[in-house]
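Below: one structure, written as structure tokens.
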């Protein structure tokens, strides 16, 4: 188990950085490559790493399947919800311009929220899918 | 009123279904419906003779094509015959089905009534589309009647029945109808026809061929196999549907198409017409010859029907006044004669359990009324006085003369001669030969149940009466050719 | 440059066809999915090649007026397509796992022979 | 310089793809397909598509590889020798590829700034997004705003995949005993696995 | 708000899907699905009426004008397809509740309904959009959910058929993507209307025909045109009953719509048929499909598979109509989209009823059902008659127009093949009818009639089969206007 210790310590050290990096990718998407999708994948990668090192049950305790399941549905709701808000404000669907007084600011907010929706769903789906696959493997193994 | 005539049997059918648990009430429903139907149809006679053609458009199915009804003389003639004979057949069927202890009687009477509705629809159809719709409905509704016994044999016969009738109607007739629509821009029945001048003579000839063979119910060879096959059905079915409603729907369609789609003039000018007339003539002779070889009574009658139907087709294709009149009248005359014969055949089956002609020797002594009626019916089919059939054959003969087709006249003569032999053989043997040794004709055999017997007497009498008073049908047909 | 352009397209086409061939000629269900992803990835390259401009840079706005940016639209389309591709792969692989549970094999011909015997 | 990298990477890709096709050890094939994705990410970078490269690396070399490996751990990693002669597939592939090559002959020259793609629709994104949207990354602007609806669809596709995967793999294994009755067939194959799932 | 109906048509079901997933209760998810599908139907009807009254509707998503943003563009053709898809969805959803409870285990039901709505949303999304890449995105939404739904069948072969569908479907989708890419590289646009304007300039190149070929092959894979049909029979046979009823009456229809859209709107009839001579390819394939698939259907022992092969033959009818490239021909094709959806929906739903009570849809297992399940089998008979094309059913109306279209161009052998096809339909339909009505039921407890919750939706479609067969003015009129719009004549 000794080699595992190194792994675990390493992982513990790494995971916060991965999460931080994900946030960077999310919010830096406006200026450089990246965005909700990539951030979601990296976010999910952190938990996949956690599960690989600490085992699936521990990962499921840290990030319950129920939560990631809700996340995967929630992201779609957030994305489409932004569109519905713009509708309610009297503009076309997903016309972010009305989200603020200044259309450019509106676009900013809109993109921020929809990217958040993408992040949520992608993170949720990736972890869900990983749990499903890993769960099958465990039962068979 | 035409709408009522179609709706009434349908209502009656559902009444039958609802009253299925009480046979007496159920049969009353059938009889009441049948009688009222005839009354309704009869009430149309006056207006039509006065030159009216009441019509009714139910619904426009696709732009320009409607589901519509129109009462004109030819259709009324068919409707009169079918609705009157339904009353008689119902009476007969009650006796037969009970006497024969058939199963599924409710289903039987239900589909019977629906089939009559189909026949009425064919009779009163205001255009080709409506005619086709009811024609197909008639095919489908009679299918359960043909396969009534649910035996393997019945199912096989049902397949032949459905197969031939549907293939001819779908592949030839429907094609012809759509083609007509494409050429003429209408599918309405118009006196004088709608096709004249719409396409070359070659195309119209092809169309005529499609129509004549597409109406499988007219049983022009080689599309006749369904009719003998359908004889597995209970006898009332054979009687009304395969001697009257279904087959007459076929020849009626041919007549109607000839008069109202092609028009007599156009028809006479097409190259295909004489060829098709000869095809009908061939059917007349061949079917008569086949009838000879059949020992099974119903099979013999079936082939006789095939032969007689082609008389009517031939009449239409003569493309002149007398041919049309003769053909139309033959619808009525043959119907009364042939139904008498089928009733008699059924009565023999119920009472003596005999199907084969060779085993009917001497049976006339125990069943004199039945065989007497058979004799009268035969006379009408052969076309000799004092039976109604002599009139229609006379006009058909006139038609061949007017068309200058002596060969066809000869065909009519020969065929009459043939039918004389194969039909009269039966009552003659029944009355004058000694019973076969192994039969027990003496013991316990008597006439069929009274309902059946009454029906036989009525139709036989009518056959005779039509010789004296053929005017109604003659007048109607005159109206047809003069419209 | 013309030749290089064609070379670029043609190699991409060869890659696509290798993937396509793997899909239709291989019996192993996992291998087929690998082939599918090669096929799709190569199609992505075709798209990205279309958006390229010689001497261009990544389409991220910079100071200065004479900067040439490569066409961003194919990039956007392909981002979507990549995601769709991985979604398909995930569903496909779950099917493979279930098929393996039901048949005990992921070779197409063995599956067929099992079902024929049913 | 671009061209050299391009040519080299493409050649490497071709080698990798052929190796994947030939490889019978599926673990190796999956690893190679991860490498394939990384190489194509390299190509994408060389072609200025940095966002795509990032995503391809994350997805192709990351997620796909993990999922494939997870699958192989369950279903085994040996591929059987193909039993039939692959003539028909070969024919289909040659025809398809031939058609595509034929199609490229009239395609606008690679990288030419005068190509129609660079003069219709796209210029607006490049020129106007700066003040219409106000963020530097044009790809993000197009992705999230101009064509934000596609991205919503993409999110839904991902969600649909999750739904599919859970339907297939989530929860208890479906009782397949009933299926035997339904189809009139037996289910020998699934029996032992049925036991495993409870163990 | 009514100005936003085009997008609300998609967004409401799209939001309903995650909602149904979050509800996690079989009945609750079903209620969400029901609401979504009925909403879609209501909006589709409203849109169709508006298009008929005011002409084409365009909706710019995100407020970005086309071709820079994504445009929803609804003319008579896609409004009609929307009506078909949402109509079938609205009928199948109520049916699915009970049917699914029998065929799918309880734990999976909430997600079943989620996938069902997603599939519906995807199909609607394909039909409503005016952007070629958006077509691909929504195609994948519907396909992915369809794969999962099919795999839920009880037989293990459901899994292999779903896999086969997934592989062939993805190849088809990738072909479509290649085609779209080639179009884009030549024109620089993805908007259909814009493409239609810009394509003629470059139509003489070698690239555009290749794009055309890839799109055609890709879409034909999706619509299962012979010989690209191999995925379909198994998928239809082994999927849960309600899934088969839904997918059989909508998925291939939407694919046919895509074909119409690309052939006529994007490329234009002149290019598709005069330059590419598409009819030379499609017509023979359609004829072969009609005859060979009908023949194969006759020999099937499983009623669902029988109907699946029949669907392949019917797809042949639609393609045949389109390949005539005349107003009447395209009218016939579009009309048959609608009519075939009605009849196959009804037929597959009756088989679902049989599955529910008898547990099998093999033909021999249906012996005697005419007596024991009279309403179910009566529905089957009427649906079957419609399939055959008996007058006063929708099938007849389709056949009428198809034969008319063939005769208009003097192609009477084509008309004969169409009619022969209906005879073959008689043979396979009657095979089932005979067993159900004229063979004695097996010993043991006779099955009861199907529950009302299954019968009512089934009969709703049966009645529609009759209604639109008797009064086809509406459907034929709309189909003809759609055809005129696609061919750019009239109006």
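In order of appearance the chains are A, B, C, D and E, and numbering begins at 1 in each one.
In this section, contacts are C-beta pairs under 8 Å (C-beta built on N, C-alpha and C of every residue); 3 or more make two chains touch, one makes a residue touch a chain.
Please read all numbers here as calculations on a predicted model, not as lab measurements.
Enquirer: Between chain D and chain E, which partner chains are common?
Expert: Touching chain D as well as chain E, we find A, C.
Enquirer: What chains, if any, are shared contacts of chain A and chain C?
Expert: The common neighbours are D, E.
Enquirer: Computing the C-alpha centre of each chain, which chain sits at the greatest distance from chain C?
Expert: Centre of mass proxy via C-alpha means gives B as farthest from chain C.
Enquirer: Please work out which of C-D and A-E is bridged by more C-beta pairs in contact, and write that pair.
Expert: Of the two interfaces, C-D and A-E, more C-beta pairs touch across C-D.
Enquirer: What whole-number Å value describes the gap between the mean CA coordinates of chain A and chain D?
Expert: Centre-to-centre distance between chain A and chain D: 21 Å.
Enquirer: Using mean CA coordinates as chain centres, what's the chain B-chain D distance in Å?
Expert: 70
Enquirer: Quick one: report the Å distance separating chain C from chain E, using the average Cα coordinate of each chain.
Expert: Chain C and chain E have C-alpha centres separated by 28 Å.
Enquirer: Counting only Cα atoms for the centres, state how far chain A is from chain B in Å.
Expert: Centre-to-centre distance between chain A and chain B: 79 Å.
Enquirer: Counting only residues that touch at least two other chains, what does the list for chain A look like?
Expert: Counting only residues that touch two or more other chains, chain A contributes 31-33, 37, 69, 72-73, 76, 80, 83, 93-94, 96, 129, 132-133, 136.
Enquirer: Which residue numbers or ranges of chain D touch two or more of the other chains?
Expert: 50-51, 55, 59, 63, 67, 70-71, 74, 100, 104-105, 107, 115, 117-118, 121-122, 125, 136-137, 139, 143, 145, 147-154, 156-161, 164-166, 168-170, 176, 183-185, 187, 189-190, 193
Enquirer: If I count partner chains per residue in chain E, which residues reach a count of at least 2?
Expert: 14, 17-18, 21, 61-62, 64, 133, 137, 140, 144, 147-148, 151, 156-157, 178, 184-185, 190
Enquirer: Per the touch rule above, enumerate the chain pairs that touch, sorted by label.
Expert: Pairs of chains that touch one another: A-C, A-D, A-E, B-E, C-D, C-E, D-E.
Enquirer: What residues of chain E sit close enough to touch chain D in their complex?
Expert: Those residues of chain E that touch chain D are 14, 17-18, 21, 61-62, 64, 67-70, 105, 107-108, 111-112, 114-115, 118, 121-122, 125, 133-134, 137-138, 140-141, 144-145, 147-149, 151-152, 154-157, 178, 182, 184-190, 198, 202, 205-207, 209-211, 213-214, 359-360, 362.
Enquirer: Sort out for me which residues of chain B touch chain E in the complex.
Expert: Against chain E, chain B makes touches at 59-63, 65, 67, 129, 132-133, 136-137, 140, 144, 147, 150, 155, 158-159, 162-163, 166-167, 170-171, 174-175, 178-179, 181-182.
Enquirer: Where on chain E does chain B make contact in their complex?
Expert: Chain E residues touching chain B: 385, 388-392, 397, 399-401, 403-404, 407-408, 412, 415-416, 419-420, 422-423, 426, 430, 434, 437-438, 469-473, 476-477.
Enquirer: Any idea which chain A residues touch chain C in the complex?
Expert: 31-33, 37, 129, 132-133, 136
Enquirer: Can you tell me which positions in chain C touch chain E when the two form their complex?
Expert: Those residues of chain C that touch chain E are 20, 23-24, 29, 32-33, 36, 39-40, 43, 46-47, 50, 73-74, 77, 80-81, 84, 87-88, 91-92, 95-96, 98-99, 102-103, 111, 115.
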